[in-house]
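Remarks on the structure that follows.
A, B, C and D label the chains in the order they appear, each numbered from 1.
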Amino acid sequence: MIIVLRPEAEQRDSDEILSLIEKAGLKPLYMPGVERVVIGAIGDERILKKFHIESHPMVEKVEEILSPYKLVSRDMKKTDTVVPFGKDGIGGNRFIVIAGPCAVESAAQMKKAGAAVKAAGAAGIRGGAYKPRSSPYSFQGMGLDGLKILKDVSLETGLPVVTEIMDQVEAEEAMPYVDAFQVGARNMQNFRLLTELGQLNKTVILKRGMSATITELLLAAEYILNEGNPNVVLCERGIRTFETSTRNTLDLSAVPNIKKHSHLPVIVDPSHGTGVRDYVAPMAFAAAACGADGIMIEVHPCPQEAESDGQQSLNLTQFEDFMKKLKPFALAAGKTM
Amino acid sequence: MIIVLRPEAEQRDSDEILSLIEKAGLKPLYMPGVERVVIGAIGDERILKKFHIESHPMVEKVEEILSPYKLVSRDMKKTDTVVPFGKDGIGGNRFIVIAGPCAVESAAQMKKAGAAVKAAGAAGIRGGAYKPRSSPYSFQGMGLDGLKILKDVSLETGLPVVTEIMDQVEAEEAMPYVDAFQVGARNMQNFRLLTELGQLNKTVILKRGMSATITELLLAAEYILNEGNPNVVLCERGIRTFETSTRNTLDLSAVPNIKKHSHLPVIVDPSHGTGVRDYVAPMAFAAAACGADGIMIEVHPCPQEAESDGQQSLNLTQFEDFMKKLKPFALAAGKTM
Amino acid sequence: MIIVLRPEAEQRDSDEILSLIEKAGLKPLYMPGVERVVIGAIGDERILKKFHIESHPMVEKVEEILSPYKLVSRDMKKTDTVVPFGKDGIGGNRFIVIAGPCAVESAAQMKKAGAAVKAAGAAGIRGGAYKPRSSPYSFQGMGLDGLKILKDVSLETGLPVVTEIMDQVEAEEAMPYVDAFQVGARNMQNFRLLTELGQLNKTVILKRGMSATITELLLAAEYILNEGNPNVVLCERGIRTFETSTRNTLDLSAVPNIKKHSHLPVIVDPSHGTGVRDYVAPMAFAAAACGADGIMIEVHPCPQEAESDGQQSLNLTQFEDFMKKLKPFALAAGKTM
Amino acid sequence: MIIVLRPEAEQRDSDEILSLIEKAGLKPLYMPGVERVVIGAIGDERILKKFHIESHPMVEKVEEILSPYKLVSRDMKKTDTVVPFGKDGIGGNRFIVIAGPCAVESAAQMKKAGAAVKAAGAAGIRGGAYKPRSSPYSFQGMGLDGLKILKDVSLETGLPVVTEIMDQVEAEEAMPYVDAFQVGARNMQNFRLLTELGQLNKTVILKRGMSATITELLLAAEYILNEGNPNVVLCERGIRTFETSTRNTLDLSAVPNIKKHSHLPVIVDPSHGTGVRDYVAPMAFAAAACGADGIMIEVHPCPQEAESDGQQSLNLTQFEDFMKKLKPFALAAGKTM
């Protein structure tokens, strides 16, 4: 940890901080500069957290050297993690596609979607039973009935299913019906939910919050691992920027960025990431090219009748065509599909 | 609602959409332009939501004319709402200050803080018993013990208290101990929590999410009002931008912006809004000047010992001095204090 | 154009605006809604610009239907444009790589870089003679001497060269030495410079500003085409967001977005777009995958001795390896290389 | 300067960097940590710039301790600077208002505006003769004729005038006609222009770029001071964020932030900062409250006829009323007006 003092700090301020560092069992370093004093602390700086050095009135800023997360860190585990999902899991040298409608709307819709995405080569099915909606007047999902439909489709197709849950009650309700929980962007820092999911034995797909940094995403995953559940997949789904011609700005550099700092698998959601049907396929190809472990994509038998996100969904024919074009990019990136 | 078709749309696409609008009971308007067809729908466009016109493959974009919220809207209620909090409430022609530490750390700390902020003229006390923290390794709050301390301090000082809750369980636990619930920025779109708070009879201070637009903030409040609880105070606390020398960018234009669109009271949190002690007072003065109904501010008996946010807290002497300087700005804005 | 009036607007305000539209030769449409009046104007709305309807005190907002640009628009020209650069140009079905150091530092450095990038398959060379630097204390470029070195390397290798110019004086000085001008992100809206470049007969690579929308980028290109120079290549190079672990956030959705709206070629700069050497190759692969016409990339014989941007430059061996891996992605995207 | 090495760095990498620091005449400090080595350099770190340590393949990141600017820094000059403008200047204990139309459109318009803003108590007049416009099809300004009108109005009213210039040619043309140059947000990093203005003997009002950090704004000012012109006023005018209901997000924390780091005066432009007429007055009051040295505001005799920015301009009656309400805020902030 590097501590920069304010220009008006006096010798006794330096002394106070140096002795705090020593007391914590770290090695202090005194560096008087031309304009300001800088103090270093050598050792495991996480121990220093409880001394709140940044709150000292004479401290200008504190720079941490170590990453604030541990269990999710590449420093901790050098090899890529493969997380359970269906027969082959997510991560490693496979590129997987999880496809399906934004929301479960009926058994007929899901069965049609499930059969089609399976035939086209998807490795998993998505569908929302509980829907987080900005407006209380929008469709809020089918709940338990939706979960049962998902389970039926999973059994029929043999494909694992993912669904979003927004609180502990939903997680418990959904537990027997699905193969993986999705934590949506709006809940990435719902720490109560993360803690609960850390105690369940189920794969979690954790989406990056709309304004979350990569470090914050990794810290959110750390909450889950820290409770004992190592099966977390990270998902880039676009961040909020000033650009308004897309719903979000898909930050594909998050893929190599996360891969560098963490051993967890990373997938990309090009549907929410752009919000525009025409850009979904190019961004999925790009995700495969930059090293992602898969994508999660919205496909609907009839997008113009979708209860939500129809404008960013592919129809079944478009999806079939898309899958054919996707494969060479995954292969060029050294993955199988 | 204004619907712009893609350049390649054909007559039958226009006809299909025009007939949808008619079927919904609205008046359709056909506007063929030089490059594209535009279609209007006159009447209460919220009815059209369920037809998902934006998902039609030949629709380029849909512009909504009416605001998507109703109950929180200034169109619905012209006069300013005063929300219950202590003896005078929040809103109307008073400017109120809610002050206290970020987290409840001990009875001694809270009693000292409570007595001091009361003496300096605060109208309410804040203190966190449950703490949302980016890292699982940071202090997570005292929980129920913290709530009891808050209640004691409230009884001693006669001031109402606010505390943050993050889920339904915490809301129920905190219900008998506090006068208002705070929904933090990370939970602004925790729709399960908002729905629950709409069913409780307690004032809610709803903070704007770090990347939430004003429209999204008003829709989040709409969730609470829609369930039957009209007592919502909105709180600007800074948004996330590219600027890194402050913790957030405090968007004070949110104050007149919300006042124009909604009848609900608006307060400002200059502590989280800047994250820098030196900027807290100037931003609080600015909040008073631009018409806010109050501020929520972090004050700690000993900031360098604070478990969290010490770097943005005023100490008790600084707070006393601050309150004296604040008053003329509130008066100039036509408020009493 | 769609004009939404304020709720307090009266009949005479509507009448005034309707008659303005008529006077301009467009067809007015009156749409009285439940809460507000909406007025439409059918025809070439650009004519209405001079009436400044948005400034009317009773106008709440104005929505434009047509894109504000014309010459760069895909509506104007359906086929992809190929812009002159070397023997094959930029655009169409080729994927090109322009490589070289951030700044020209010496003849030896440029010759070494030029020979190596040529050998590895690059289609053009980049190098800065004039450098825009945030600090007046940083290296500002070699100027005319740098241009002469670029010309020599171009003659030796047979590859065309690109260099950044920042004002008209530099454009005129550089005119005989280089094959294309680069307009940097900071100058994307330097309208004097754009106008000047529109009058010169030289290819322009126009980089997107750090906080420019796609519409603003296309309007900046429109300035150049409007003066008579049709040879503009657009370049995505990252936008500024809250994420600090990369220098910028590379917005690859800009590629299909621009391709949809404009006939001009689009290239990507993964070096400035990420600022981190380890992410340059993955982002270049992704750029090829999503349909870009090429990339511009920083390569330096000895990155740790580079006067600028060494931390994002590949060395010559890394570049050679990179080019081999890039090709399959370009081929999968249907391009030759 | 603090240098963090990558985990895979070896002893010889540390040695190489330590010896570089020593060679530069600074004192090196070796801090081997649990996961990575950290190296410190004590002394004037600006000397190290030329060694490009950040480009070393084994360097993970470099943290600078000193601010990168010198002449504009509060460390350099403790007292507030007063910059020449009219008889009293900008800065110190006065709060000044510069008002006028966005663009000079005619002698009649400017004379009317000039007389009115003078009568209401403004200390200066603004008006654009050269207009930077996103679209080449928008009004581009009256040029020299506009400058002559500005000079006439200045002589008539006795008030100094400000006008925007976009390049050296305009600066030279405008030199005899105006009292201060404005550098617009789009030109904040037009380094050629900044260098030129540093060589002229005229006050410069430098607006913050739409996506510029405070550090970058101060570095842009440093360009001007470094060339010999100390008369720079900084202007906060809103930054670009995700919020779309305002034209920009006015970052008022920039005022205390700049005051802390620099001795230069700071003014605020609430017109461009919000883009909405209704929010201009509240934001101007807030600017006065948080310690700004003045505001620059758009006032037009007939906003609905304005060639640009009419939707954010006050009319003459609104301005007169505004000035009366503004004064108490300036007084409460300890300024005279």
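Going forward, a residue touches a chain if its C-beta (ideal position, glycine included) is under 8 Å from a C-beta of that chain, and two chains touch if they have at least 3 such contacts.
Keep in mind that what you see is a predicted model, and the values were worked out from it rather than measured.
Trainee: Of all chains present, which has the mean Cα position farthest from that of chain C?
Mentor: Centre of mass proxy via C-alpha means gives B as farthest from chain C.
Trainee: Going by residue numbers, if over half of the contact pairs line up, that's a repeat, so tell me which of A-C, A-B or A-D repeats B-C.
Mentor: Of the listed pairs A-C, A-B or A-D, the one copying the B-C interface is A-D.
Trainee: Please compute the C-alpha centroid of chain B, do the same for chain D, then give the distance between them in whole Å.
Mentor: That pair's centroid distance is 31 Å.
Trainee: Between chain C and chain D, tell me the centre distance in angstrom, where each centre is the average of that chain's C-alpha atoms.
Mentor: Chain centres of chain C and chain D, defined by C-alpha means, are spaced 26 Å apart.
Trainee: Spell out, as numbers or ranges, the residues of chain D touching 2 or more other chains.
Mentor: Only 211, 240-242, 244 qualify.
Trainee: Would you tell me which residues of chain C are touching chain B in their complex?
Mentor: Going by the criterion above, the answer is residues 2, 4, 7, 29, 31-36, 38, 40, 42-44, 63, 65-66, 75, 240-242, 244.
Trainee: Considering the complex alone, what residue numbers of chain A touch chain B?
Mentor: 46, 49-50, 52, 54-57, 59, 68-69, 132-139, 166-170, 186-187, 189-193, 195, 209-211, 216, 219-220, 222-223, 226, 240, 277, 303-311, 313
Trainee: Give every residue of chain A touching chain C within the complex, in rising order.
Mentor: 211, 213-215, 239, 241-246, 249-253, 255-257, 260, 273-274, 276, 278-279, 282-283, 285-291, 328-329, 331-333
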